[in-house]
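Should a chain be cited, it is by its letter among A, B, C and D, assigned in written order, with residues numbered from 1 in that chain.
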Amino acid sequence: MRLVNMEEKVFKDPVHQYIYVQDELIWDLINTREFQRLRRIRQLGTSFMTFHGAEHSRFTHSLGVYEITRKIISQFERHRYEDWPAEERMVCLCAALLHDVGHGPFSHSIEPIFHVDHEEWTCQIILGDTEINRVLRKADERLPERVAAVIRKEYPQEIVVHLISSQLDADRMDYLLRDAYYTGVSYGTFDLDRILRVIRPHQGRIVVKESGMHAVEHYLMSRYQMYWQVYFHPVTRSSEIILRNILKRARSLYQQGYAFRFLMDPLPALFEEKLTLEQYLKLDESFMQMTLMQWTKEEDAVLADLCDRFLFRRLFKYTPLEEKDKPFVNELRMYMKDLGIDPDYYLEIDFPSDLPYYVYQPGEETSKKAPILLLGERGQIIEISEKSEVVRSISGVHKGTNQLYYPREWLKQQTSAWPAELRDFLGM
Amino acid sequence: MRLVNMEEKVFKDPVHQYIYVQDELIWDLINTREFQRLRRIRQLGTSFMTFHGAEHSRFTHSLGVYEITRKIISQFERHRYEDWPAEERMVCLCAALLHDVGHGPFSHSIEPIFHVDHEEWTCQIILGDTEINRVLRKADERLPERVAAVIRKEYPQEIVVHLISSQLDADRMDYLLRDAYYTGVSYGTFDLDRILRVIRPHQGRIVVKESGMHAVEHYLMSRYQMYWQVYFHPVTRSSEIILRNILKRARSLYQQGYAFRFLMDPLPALFEEKLTLEQYLKLDESFMQMTLMQWTKEEDAVLADLCDRFLFRRLFKYTPLEEKDKPFVNELRMYMKDLGIDPDYYLEIDFPSDLPYYVYQPGEETSKKAPILLLGERGQIIEISEKSEVVRSISGVHKGTNQLYYPREWLKQQTSAWPAELRDFLGM
Amino acid sequence: MRLVNMEEKVFKDPVHQYIYVQDELIWDLINTREFQRLRRIRQLGTSFMTFHGAEHSRFTHSLGVYEITRKIISQFERHRYEDWPAEERMVCLCAALLHDVGHGPFSHSIEPIFHVDHEEWTCQIILGDTEINRVLRKADERLPERVAAVIRKEYPQEIVVHLISSQLDADRMDYLLRDAYYTGVSYGTFDLDRILRVIRPHQGRIVVKESGMHAVEHYLMSRYQMYWQVYFHPVTRSSEIILRNILKRARSLYQQGYAFRFLMDPLPALFEEKLTLEQYLKLDESFMQMTLMQWTKEEDAVLADLCDRFLFRRLFKYTPLEEKDKPFVNELRMYMKDLGIDPDYYLEIDFPSDLPYYVYQPGEETSKKAPILLLGERGQIIEISEKSEVVRSISGVHKGTNQLYYPREWLKQQTSAWPAELRDFLGM
Amino acid sequence: MRLVNMEEKVFKDPVHQYIYVQDELIWDLINTREFQRLRRIRQLGTSFMTFHGAEHSRFTHSLGVYEITRKIISQFERHRYEDWPAEERMVCLCAALLHDVGHGPFSHSIEPIFHVDHEEWTCQIILGDTEINRVLRKADERLPERVAAVIRKEYPQEIVVHLISSQLDADRMDYLLRDAYYTGVSYGTFDLDRILRVIRPHQGRIVVKESGMHAVEHYLMSRYQMYWQVYFHPVTRSSEIILRNILKRARSLYQQGYAFRFLMDPLPALFEEKLTLEQYLKLDESFMQMTLMQWTKEEDAVLADLCDRFLFRRLFKYTPLEEKDKPFVNELRMYMKDLGIDPDYYLEIDFPSDLPYYVYQPGEETSKKAPILLLGERGQIIEISEKSEVVRSISGVHKGTNQLYYPREWLKQQTSAWPAELRDFLGM
């Protein structure tokens, strides 16, 4: 790899104080168009509607993941751990920096609708005709392939994959600290320095010195708290549902040949699920928000209304839905239809347990879910939940109150004729 | 004023921990379209290109100014200060919340070009056909006029104006703390609680107990540091210059009848300086960024290049310009023309002293510059710079290194034939 | 109660920013000799030997408990909760401020040896011939009795007792935050503001709104972490063991008629367990440390050595002791005797589970252990561990690795003849 | 120097997060009796009476100075600055750690009375028959002499002296941050990381890159604020005056042959100013506080009363004293004598300008006052106050309101017959 030395550069960062860039390759990657684009993709999607401070972008998070990875590696190097493959440093740093580069706007809402997979796009950006690809290739012809392999979790040196994507990876460590900082909640705080001090490479894995178990418990508890307090917050869920329904409606209209007043490239390609790389890169949150703004003037009342709701935060209200309440949903659906409100876009049950998150699951051995291993004093390896009752307790948590979302303010005036039980259930 | 009591609501805020909303009127104002729109206007314009964390919006800042004002008033009420006109509470809170509601995208760059005045727009939003106006009027028919008068600094109760707009106002106190928090610099921190404890109403002004002078010194020093370290940062200035030149170029093209590939409403009205209120409200940063993105494909090379520079952070570099260096500027201008680079869009001298900021100027007695007054133990009033050498020292500071901005990377390869002195000056 | 109004006074506090004193009675209590004496009693006993920052006194903690209680009450008053007996305010504040006033030096070590009970002394100080008693009586003749009843948990208004002493009381809330601040660990941090917002008085108890459950989980997790990371730290335990053995040795020598070179009043009374109140109040940490310093010159080698160890931090080392290792203890005891080292003072098994702490135990219904109750949306009361798997998990935790403490450096050179298994067990 | 490698050890520190010990020599020095004794000497003397949180010891500060020095050096090494004499690392670290080891209890009050000089004692401890001396000599026979030379500012490599003792040294940097942390004031905070990034060795001095000037301004402003807000606080001054008068009284009684009820070794030697090193090391704050406690029972009323005042915080009150008020002092002195109150012990004028502090004085070129130098872009050296108006302004500040201290509560009832002007001046 032809690496060019350069004077250390720093970024001021509110979470890590400073982010240190010591390699020209990293500097050049940060300055590519594709990486700069991450400034226009928010890290927490629609969470800013619940926590107004959470307006930070994936750009800042990506720098943070890079910085934590850099610190981990520099610690491994300082201690000269034998199990650390020193030659993997640059691949690690690049993968850390670029791991989210394929994210589009409001990924959690858009991806399931249009079958977009940000990891796949990340690889295309690394391997395709992009500035990132050129910068990587300039350093080493094989670097794009290697970095993409890390993203795909197919890189032969498993430890490299684990640094970027495991239960205790640089990605999670940065986003917990960062999301806590920007939302202002105190839950996400844990002792990063201490964790950096107790992890080490061991036979192709990252393990934690047993004496550091409590620091990891603390980190996992932070995660647990952040999920239930921030990531799954029902107000955020409400805005995500509305956004998803906007996209479903727009696609449906498009398929029916509806004449949009506003439909700019690359929206048709998005609806037809045949975006080129260049088109995908145009999709940022400015584009999406501006589109929604235009659509508030569309003739289609459902589309216009949903966009208005999203942009001006007139969200659906929610009611906890227990198993026994299920019959009410059908009843409500019927009454809504009577009122001319299409339940396909205005009534939704949300199952948090369906969400692609989990606090900690030691059992399944997929890439992202690689368990956290403790290294005992005598060199033995122990899965953390065997040792920690706290971890065990949160591993099993499937809280998941289901919630029913609907435009309460539209129904409020109309319910006099509804059955008392239904009104009771809705609290109206 | 018909005020409706409601259960206290809170927003989690990273700067003030919590923002307490105790009046239905405030709650309703926050939920208007015009106020929600502030989520799409960044507080620090292009500063995020220098300090990547500074992605926060005017929405969060406006809530913060409201909260500080609420705290000040509640402190005044708790101490039952006679000089506090208790009936002004709601006007103060509304003005605090709404003081920035007329801001458009990247105001510092756009306003001078198109003769936009955000204060004027704030008043139009308060007085015009808007949700904000309706909410205010519902509480009290005369409330819009009263709030607008505060914004215009024409409100008869001078103390109300001073709370929102003076050298020691809720606006500055929030933005220093908030901008420091989001950029991550430590300079902006001062002891807000202590300042809240030492200010009091006195004969129509806000004054500071003399024993609290050091707390105010600290606040003014924070401001001094924030100006030079953050607000005037040359990288930020560079991006502002580029943005301004984009707008100048686009307007010039428009005036020449250039056929834009992309030119959506309300851009023509912006160029012609005849925006309606409804049009103005459509202008947010999503709209502007998306427009710039489209313009990167315009045929006009200057416009396309400048937009690309802005979006992908290929900024102009800068060289300090002392008086004696002025001749180099003309020389450089000539050489640039020879290279086919239009100096009207690619060469700019920046005089920070022209900027609409000042650290502290006791002399001039305009609204925003109302001096900070100390209240001595025997009731005498002293202007702070008479007492504090520190304040005196920073009042006089006109640091202002002028800087010359230009696309260094374009010139680099071409300078072999240039005079040595010029190359020396540019450090090439 | 004859209360005198006074101008609000404040103390700058690193944990709560400011401590507000609004009642002359509180101000006068703080200025009594007995309360000022708390400056000479450290909050965390010998923990400063492990965490050098933890040098804070019970004085600062007592102010903190007062301040949290004041905030809770002022919140109750602001919301005008009906279940809050407003007339109990002053009793609460006094009890909060004074709850630890009977603590002596290094209580955790001294109390079990000399059968001292700090709660009993607290009541004597409140009821006896003291400045505190006079200040209380000046406000209301019956106040001393009432405050003492709160301390003894016999006050008829149970809610007053719970504020000061329960699983979620002002005492614990302050010490977790404060001890975390001074040690520098991040574990003890939780969102005090949020907890203050979700607790309320309910039928003579403090309950927590169900929606605030996660904030309480967070607080209990902080407690769990602080216990294992800070309070039970084996290095701290080591210094406590040495201190206890010093006192045991000194008493034993005293009982044997040993001629101390230094034995100042009130040490004899302490050994004979017949301290008067006046004598007890003389016992502060200056007195104890200075006594230990003098004893480093005693002829009795055990006493002199143990004092030297304590003052200059030559602590016992420790080895984890599992059930199966028990036989080694007897063996080691024998070998130590052979070497002339008295195992009564130099060998100790520590069972953390014996310690007077527990993370959370819903079962037992004693005063200090009153369970934390959630108030559901429909007014039902739920014990928190029924609802929270996290709380359930830490309630059951009896980690408690037993440790064996001994002067490792004395043995090191002498073990060549010992059985390999024993040396192995000791890691020598 | 025979250095032994060891596994890195860490101390948890609330100011620097962690303190890293990488050399066995440092580890051994920390574990000496003389260094451990610093746990019994408070960093801020009597300031805890004003700021109750400020109970931290010189032990924690000394570790902090060591850590900052370690960071500076490691930064110098990482950048391989040519002007850094790498072989001086260990001397620097030892001098940083030990620079305060000669401090006695309440140095600021005791030193002027008994002509004690803590720097001299520091050298004696380093050079005399101590554990510290033995540990240093084990590493290198000449090390004690070299470290003592640094303390005395006579070390030939001036840069080593400057690191430990100059206007921008590790000592000041730690104490500002630490004292701010423990008192809880926000003034002392500055950006240590940034300062570490902009300093470098240059021709035997530490200089600051000119671009880092604002960070140094910020640091100097923090110092300015801390001096006036914390270090010179009149309540702290009051307690120092009382302590000084206690010692003056006790010495005077001793010289008159007064029969003390309590007078333990080494007090006589202290009074006679002939303490041996061993005796000096016995003098810690436990000893002093315990002595004062015993003296509250002395027959001499002045001594007993002053001790009682100090221990139970019944401090002298103060009145600002302007030039024109001087006559009142004599008058008051006379009236006090009439009341049988000895003005030699109960009346004191305090001139803060006499204090051995100064914010920043570029002029004088003594060791401690070595000016702060900027390194310009072209290698030129500029004294910071030439460049910075802010620094210039605080360099000249000699605020110094004189204060008159006296036992106001004793006089209050007795002043009816006094002249109105005097009573007015005293505000009685």
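Operating definition for what follows: contacts are C-beta pairs under 8 Å (C-beta built on N, C-alpha and C of every residue); 3 or more make two chains touch, one makes a residue touch a chain.
Chain identities (UniProt): A, B, C, D = HD domain-containing protein.
A quick note: this is a predicted structure, and the numbers were derived from the prediction, not measured.
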Inset, instruction - Quickly list, by label, the chains bordering both chain B (HD domain-containing protein) and chain C (HD domain-containing protein). - result: A, D
Inset, instruction - Select the chain at the greatest separation from chain C (HD domain-containing protein), using centres from the mean of Cα atoms. - result: B
Legend entry - Chain pair with more C-beta contacts, A-D versus B-D: B-D
Inset, instruction - Could you tell me the distance, in whole angstrom, between the mean C-alpha positions of chain A (HD domain-containing protein) and chain B (HD domain-containing protein)? - result: 32
Legend entry - Rounded Å distance, chain B (HD domain-containing protein) centre to chain D (HD domain-containing protein) centre (Cα mean): 43
Legend entry - Centroid spacing, where centroids are CA-atom means, of chain A (HD domain-containing protein) and chain D (HD domain-containing protein) in whole angstrom: 51
Legend entry - chain A (HD domain-containing protein) residues counted as touching two or more neighbouring chains: 17, 185
Inset, instruction - Please give the residue numbers of chain C (HD domain-containing protein) that touch chain B (HD domain-containing protein) in the complex, ascending. - result: 10, 17-18, 193, 197
Inset, instruction - Going by the contact rule at the top, pick out the chain A (HD domain-containing protein) residues touching chain C (HD domain-containing protein) in the complex. - result: 185-187, 189-191, 214, 217-218, 221, 224-225, 228-229, 389-390, 392-394, 396-397
Inset, instruction - Give every residue of chain C (HD domain-containing protein) touching chain D (HD domain-containing protein) within the complex, in rising order. - result: 11-15, 17, 31-33, 36-37, 39-40, 48, 51-53, 55-57, 59-60, 63, 181-185, 282, 284-290, 293, 311-314
